[in-house]
Amino acid sequence: MYLSLDVESAARLAGAALRHARQLGLRPMACAVLDAAGHPLAVLRDEHASFLRPQIATGKARGCLGMGFGGRELARRAQAMPAFFDAINSLSGGEVIPVAGGVLLRDAEGGLLGAIGVSGDTSDNDERCALLAIAELGLHGDCGDAQA
Amino acid sequence: MYLSLDVESAARLAGAALRHARQLGLRPMACAVLDAAGHPLAVLRDEHASFLRPQIATGKARGCLGMGFGGRELARRAQAMPAFFDAINSLSGGEVIPVAGGVLLRDAEGGLLGAIGVSGDTSDNDERCALLAIAELGLHGDCGDAQA
Amino acid sequence: MYLSLDVESAARLAGAALRHARQLGLRPMACAVLDAAGHPLAVLRDEHASFLRPQIATGKARGCLGMGFGGRELARRAQAMPAFFDAINSLSGGEVIPVAGGVLLRDAEGGLLGAIGVSGDTSDNDERCALLAIAELGLHGDCGDAQA
Amino acid sequence: MYLSLDVESAARLAGAALRHARQLGLRPMACAVLDAAGHPLAVLRDEHASFLRPQIATGKARGCLGMGFGGRELARRAQAMPAFFDAINSLSGGEVIPVAGGVLLRDAEGGLLGAIGVSGDTSDNDERCALLAIAELGLHGDCGDAQA
């Protein structure tokens, strides 16, 4: 038996990420929340965010799920193995965006619920908004920190 | 000076469309709300909706904006000019889905605010949920009815 | 709580479909078994089957899951709404192959387990092999028959 | 006259690679076995492996066949000639994944039978599972070792 993410929780997560970005005075954001299989449940784009942001946010989240790691681990691997990540991006149509701001969503037992991706400001700030939204809903985020 | 759709209104529209589908006992839905430029503000997918639904909902809305007509008018034209619509779909990567369920969003003066697309049940039921959501927010929908 | 398909069952399904095709003297087949989210668990291609067969088998199964109907219902809809299916194929990169031979896999309670797609002979014979394999494993197949 | 790989041997190879990964306590894997022409005979994905793994495994095997070298030799060349491999990936749609874990399959006389690709854990561990599966079936693997 395991929990799955529903659209209400996904919409609340995405809304919270955008709200935190505004409250922190960051650049306008887009946020994508995907289920564990990589399919979208909620994608929101601040009306002032540039138009590629929803795709980038989706690619951050989908890359985490497609490879099984948080965005920081993807970033480390892309730096160590650029040819591998170039190839993955060609085959997946750019679905793997290997930077911070993509975070795996887990329940209290570590079960995979899906992923959130945020794009709009620096990668660090994108991730910060993702984590604030995750904490607000009482979920656990896996960014791919080296010690995580 | 003119009104534009913001992400909060877009998210409320999409949420309302999914809620109406549930209340009416229809099949699970996805709903996409795009700004007047065709870029997504809010995309929601019921967790029980099949996974192509968000893309289809987006394509219904985007086709309306890309061509300047509601979904019913696109459907009539696709039936009358199949080769034209085949070509459009090849050049746009399938972004023009010419069926009911794509509705242009207008303000009280007829100004274009964006579009909503709904997918999950029959085209007629998809459109019905779009119109219920539009009415709930006090906006005006342009389905491309022959007399509209 | 719900059942999910594992790779062993998927491989047995695919292997059984190919074996039934041989025993019936049909043309060489490919068979794809996908999980409920549309991701492959097992794809097998008879060494004498032509090389597009695995992609076609995958597209039959993936179309059923992406749209939420068995292949026969997809075929009826594609005939009634050709422009809609042309558009869906453009946006999905040809993932929706609307013919018999794609079958949703369900458990005894009707829960969705995934889908199987078979390609190699006529659509009717493809579906026949899918159904023989499904019966052999004690699962339930949903072909999209009008009365199903 | 020469030997060719059949689907039964391919399915046994792929199944053996996944089993070795489990027995060694490695991360969940996908494995692709292609014939000498680069077309799939068997693709298996552990139900717990992330969803890009089948494509990556296929790309590792297909890259070996497309270029005529094992994955380790491809990795060396990609490091020495990054622009060349970027171009190859653009033209092939990401089919050449130049890392360890892609292994050419040869018969006792060195004749080319096909290739196997494994993805899920580190490249070294992926290759290890490929080689264990190859040994189990009494075939010969060509990883592209410098001295091979």
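Letters are used for the chains, namely A, B, C and D, taken in the order the chains are written, and counting of residues starts over at 1 for each.
By definition in this document, a residue touches a chain if its C-beta (ideal position, glycine included) is under 8 Å from a C-beta of that chain, and two chains touch if they have at least 3 such contacts.
Remember, it's a predicted structure, so these values are computed and weren't measured experimentally.
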item	value
Neighbouring chains shared between chain A and chain D, ordered by label	C
Angle of the C-alpha superposing rotation, chain B to chain C, to the nearest 5 degrees	85
Length of the line joining the C-alpha centres of chain B and chain C, rounded to whole Å	30
Whole-Å gap between the CA centroids of chain C and chain D	26
Whole-Å gap between the CA centroids of chain B and chain D	44
Interface hub residues of chain D, defined as touching at least two other chains	51
Overall pattern in which the protein chains touch one another (line/ring/star/complete/other)	other
All pairs of touching chains, each written as two labels joined by a dash	A-B, A-C, A-D, B-C, C-D
Chain D contact footprint on chain C (complex, rising order)	4-7, 10-11, 15, 18, 35, 37, 39-47, 51, 54
Touch list for chain A against partner chain C, complex	1, 35-39
Touching residues (chain side chain B, partner chain C) in the complex	27, 49-52, 55-56, 59, 63, 75, 78-79, 82, 85-86, 89-90, 92-99
In the complex, chain C residues that touch chain B	37-38, 65-68, 81-84, 86-92, 95-96
